[in-house]
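You will see chain A twice below: alongside chain B first, and alongside chain C after that.
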Partner chain A sequence: METSQMQKPLLGGKLSDESFITVFMVGVLIVVFGIACIFVPNFYKPQNMLNLITNNWYIIVLGIGITFVMITGNYDMSVGGNIALTGVLSVYFCQGVNVSQNPLANGLGLPYILAIGLALLCAMGVGAVNAFFIAKLKVPSIIVTLGTMMLARGAAQVITQGAQRNTSLPDAFGVLGSLGIPGTSIRLPVLVMIALIILAFIFEKKTVFARRIYLIGANPVAARLSGVNVGGYLTALYIVSGLLAGITGILLASEFEAGVSNRAMGYEFDALVIVLLGGISITGGFGSVLGMFVGAIILSVVTSAATGMLFSPDWQFTLKAIVTFIAILTQRFALDKRKG
Partner chain B sequence: MQPTENVLEIRDLVKDFPGVRAVDNVSFDIKRNTVHCLVGENGAGKSTLIKILTGVYDRTSGRILLNGEEYNPRNPRDAKQQGMSTLFQELNVVDQLTVEENLTLGMEDTTFGFTRKTDKINRMVGVLNSIEPSIKPRQLVSSLSVAQKQIVEISRAVAAESDIIIMDEPTAAISESEIARLFNIIKGLREKNVTVIYISHRLDEIFELGDYVTVLRDGKHIETKPVAEIQDRSELIKMMIGKTVFEQYTPREIDCPDTILEVKHLSNHRLNDISFDVSAGEIVGFYGLVGAGKTELARAIYGADNYEGEIVFKGQKLRPSPEKAIAAGIALVPEERRSQGLFTILTIRGNVPVMNMAKISRKGFINDATERKVTSEYVDKLKIATNSVEKEASKLSGGNQQKVVLSKCLFADADLLMLDEPTRGIDVGAKSEIYNLIRQLSREGKTIIIFSSELPEVMNICDSIYLMYDGNLKSTMRNGCDVNSESILHIVTGGE
Partner chain C sequence: MDSITTGVSSKEQPNVTTILKESTILQMDRSATLRANIKRFYIYIVLVLIVLVFSLMKLDQVTFFERGHFLSPDSIINLLRSAVPILTLSGAFTLLMISGYIDLSVGSAMSLAAVVFAWLILNGFSFLPAFVITLILGAILGSLNGYLVMKLRITPVIATLVTLSLFKGIALLIVPDGSSAIKGSAEKVMPAWINDYARKDVLLGLPWAFWVAVLVILLLVIVQRKTLLGKYATAIGGNRIAADLSGINAVRIVGLLYVMVGFFAALAGMARASYMSLGDPLSGDGMELDCIIAVLLGGTAFSGGEGSVAKTVVGALIIICVTIGLMTVIPAYWQTMAKGGVLVAAVTLNHLLVREKAKA
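Here is the complex of A and B:
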């Protein structure tokens, strides 16, 4: 068979499909960014470019967990509610005991370190509940996590009586959210996000654990017959996704020095959007953390450009929708084209 | 429609895939109202040719004439409407619907979008009834066995009264008695103005059924001639692969005294108090018809299904989980390679090492170079036809996919290798490669258990033959001159 007769895959066929999608989405990002630079004054400035990443640290942190969960072919919609619950709990645990007539000012009076430790355990507990229903009872993950999404937010609302807790906090409470590199917009949460992204990237490319996650998504039956403890891996992933939501919740609570019951509404959907923009397959077995990261920046460029172009905030959702559709369609088109 | 002598004429047909010319300038005719067999090794181009005929693939170039007229199906539905029905190898029934609903699927008579009960349904049910009365129209398809599902599909194709019915390995998964029934139906089709294109790796079937045979090799047309003019199997095999394959059981010289596996009173929903021992280094064959419980036994030993009773491997009681079984030194090549054995969307490199990740990693971190190296080794060792270890497993032919699954299990370094229907749907060439591999593994001291519904397979390579019927272990025997296929068939069909 002569080589000349072969149809040459896009980009020479050297890249794996996964890298191809990531490179392709970087291309989309450059185009979107270019358009934003033309229409929005000062959009190209380094400070603005930095903000595009730093302002979205929480979605990216959540995206890491969601990426791996989705590579197994599952969803985690509980992260938004989990953020609210963990934030509220981190406040409640360390608020003073019987300091006020107002019940929302009274807490358990635990040391701050213990408070966040317990709050994180609760966040992982939400993940464990997800895992129990999904891995053990085989309930579809979308149903289970929609349930725990509401359960977590419901618990947060009970604890805050539908509002928030922000009084009688120890001094240490606001430190985590406000620490940062002086003179820049880079704060501790952003550094946490960067560290997690690097860890997740190495984890994904190098570890046996990650490889088994892909096996589960590619074919759960074959994975089990190949000796992969499917339930165990799903459990670990949901607990990690819960932990990431918990970390986010604690950092956000610290930044605002408040535990707010309706914090992070809709974050689960933003996280889902960036994961899809990143080319992660909803049927599992395919995708990467790097793709998700690029997806997050695309979404960030779109939302901040919209604000810069003086669109009314009412247009935010519509614009997000349009960009999501365009990006995902071009992605599918490019992948089909490449596969011939 | 004027009755031309040839129902189908294929001229200079070409189909290119990226990097592969799957069908290379193929031309031949198919005579009306005949059974025309299509043979060739895996990757010879049979499946691609069929997919072009049924409108799944577009051709790259060439012409096809159906009843003397240009035939360019836009999609499978279009092909069907033009008179080309197909019975694909992979089952094409909807589990959640009833038998009746499956029969009329896509052809329902409707009023305002609601399905109507019509004569069509009765006719379809009548056809099914004439083939297999035990299947009830109101039964859910999910409650049927693999063989029964296939029969529903066959009925559907028969009832559609097409000019041509393409049958891709229809007998691969059905039992001997059902095969005889199917053959009668196929022979009857000739009188009903239906032409059958019949694809099978079981060459005996071609001699029993076929009027004409077309041999393909490496995408090229080798020969089309009347079956009557072919002397014997080996002539056909020579055309297919260009070399003669010899399959003969040679009794092993050394006895294997050490027991490696003890199964004691194993029972579950499909198995009934099964006990046996296997000696280290032995090749054991479990033979029985479809539904005899072979797959269930393999899955139970492997820990994939629950059971009562005890399984002792190398002196240790096994706990029921595939993970534990692999750790103890057992590997299973499952019955359905695509849905149970292979990660089709991953590359060959992504498939081969998965059962023994410890061997390519240190402290949980994968060594890419080692991974690539061992994958290449298995590609060479098992002669997997690919230009790269980075090729997606879904793009390989059936035989090569099975070799990937085998590589995966061999890489697990198991002492006991269980193979469930290891050569189903695989051509003679690859079959004999796999048999040689099994013999070689046995010489290296591995213990092999084969679960098969092909008697020649079991008689050719197994030292011991265990016969199963309806979830029971009926008989065990040493392979050798006193074993005869008639008495075996008597037992596995329920005789005492």
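Here is the complex of A and C:
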């Protein structure tokens, strides 16, 4: 009896706060998109709408990992550096041995598959280092991950001597990044992104693991006392976040057929921005992958509309900052209103 | 006999246990004092070691205390001049971290101040008005951070990361298209005296900017040790709720600390603009990490409630020594990794030596 009574309002269509915020941000997206269509010629065309999603696949892939890390109340600022490191490593591992006088043309000569595997392992290693400091030593995640960001990017710079590696690559190297559905702008990385989003969505809604992530975020002490291995969960999440950054790094390196040490500068900030736009709260236990996805499209609409209105690229920093503040404040206002 | 023996032994037994207890207490005490002593002095030892290592590295090339050596007067003056921005800034940064808050936007605030200062001077302002206007700007940037964090209650890390982007964006927008910095050109010449503040020798071979930084440090050491502001900062960092309940206006105190950080970031930015005779919108990048490293090396607790401005200064000197020293021995592309390594080492050291307050 009681349970059925308690479930009644739920069945009656009452949204959870998370779904409410997601719906709210979809509303914002429609408004922003409408405004962009008025001011920017051809903004409404299907090809442009498709590009809004496909051009941002890397930020969305990173956003998945960051979403879950942030739901636990932690940050991961190491992803940008991790992308650079993985990309550079995937190049370095499969470059030919002693092919040239130039040290930047010589690598380890491993098969491409092995190179990718090892690079991904290193990416997960960065995540594991983060997890060690955060879960074991209880150091604030923002400080550690800023440190590992520098370590990872620094390692990439050391391997490329501050530049890039792009010679004596095997033929297989460029395949991953350039494969695509013929006649469309949809390439393999975009498909990977879509697959990962669906996977993350199912994971978030259907697994006990995900529900415990929310518990850790909402109340870490309660989670620990009720027998949840908080450290283990954090470790898993950071390694997954590192893995996603690694996948991004490998796909980007393949797309450009180069391992560039300055690749993905500031991506950690963009990923943080889309997660915040999606309504995920750093105070923990609140947010959804779907929200992050909506946030990513909002950011994409705003930045490409600004470019379309011939703003100089220098505007992007200011624009992102203003959009984020507005998003944080309106989301809070909307949630407060809803609670009465 | 038996009763006597038992009597004796029963008298002795408590003795033994007390001795045992005392010795363990003594041991614990000793390890605690050892720890306290290590904590008190390690930073000076680290600094001395680093200076020693770098001076030995160059020994085979040049003799001691000569031009070019790490410890030559020229190189020390050079080192102290490059240390001006972080020395100016890290004191206020420490006070903010003692109160348990953080400002990641300091680097961008510095860049923005540098750009505005250079722009003002390029457009005909004389030194003093430009100086004052930039300082006011810094205080405004700081108060924006304070408002976002304390009044609107946005998490400090997020609020200041977003203002990092905001300040940097504004600095980039001030710089004209097609140019990387505010600098003199054929039509508009940057006055040569912009250099005076950070390069002209006024005392002991060191410029005004350095002595201002020293003054700032002395001031902030006094603020931290002798004034209510310092005590309140410690109290807020130690236990925010207790501080609130005992009538400390945390919103106002921490807000004031944010304003101070912005103010000194502007001061540091001007020193850099004057040193380079241009306003570079990226010149402050990474300053927040340098400040964090200095503060952590100085033994300030992550979560606040404990720390020392004076030790942060030693931490800042360590970073500058490492940065400058490494420049002379390894290629530039090692710098990022070295700094990341120093940060992770500082985090580890800090974890080992600073007792965190009990987690709630």
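Keep in mind that, in the parts below, the second predicted complex is superposed on the first by the 327 of 340 C-alpha atoms of A that agree within 3 Å, B and C clash if a C-alpha of one lies under 4 Å from a C-alpha of the other, contacts with A are read in each partner's own complex, and residues count from 1 in each chain.
Methods note: contacts are C-beta pairs under 8 Å (C-beta built on N, C-alpha and C of every residue); 3 or more make two chains touch, one makes a residue touch a chain.
Predicted, not measured: the structure shown is a model, and the values here were computed from it.
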Residues of chain A touched, compared between chain B and chain C (which is higher): C
Which superposed partner A:Thr167 touches (first chain B, second chain C, both, neither): neither
First, second, both or neither for A:Asn51, with chain B first and chain C second: neither
Which superposed partner A:Ala218 touches (first chain B, second chain C, both, neither): first
First, second, both or neither for A:Thr307, with chain B first and chain C second: neither
A:Leu272 touches, of chain B and chain C: first, second, both or neither? second
Contacts of A:Thr330 with chain B and chain C, given as first, second, both or neither: neither
Partner chain(s) touched by A:Ser16 [first = chain B, second = chain C, both, neither]: first
Which of chain B and chain C A:Gly227 touches, first, second, both or neither: first
Contacts on chain A seen with chain B and repeated with chain C across the two complexes: 221
Residues of chain A touching chain C in the complex: 75, 133, 137-140, 142-144, 146-155, 157-158, 160-162, 221, 261, 269, 272-273, 276, 282-283, 312, 314-322, 324-325, 328-329
Contacting residues of chain A [partner chain B, same complex]: 1, 5-9, 13, 16, 206-209, 211-212, 214-215, 218-219, 221-229, 285-286, 340
Touch list for chain B against partner chain A, complex: 16-21, 302, 304, 321-323, 325-327, 332, 334, 339-347, 350, 354-355, 357-358, 361, 364-366, 390, 408, 412
Of chain C, residues touching chain A in the complex: 102, 104, 148, 152, 154-155, 157-158, 161-163, 165-166, 168-170, 172-173, 175, 177, 289, 292, 296, 302-303, 331-341, 343-344, 347-348, 351, 356, 359-360
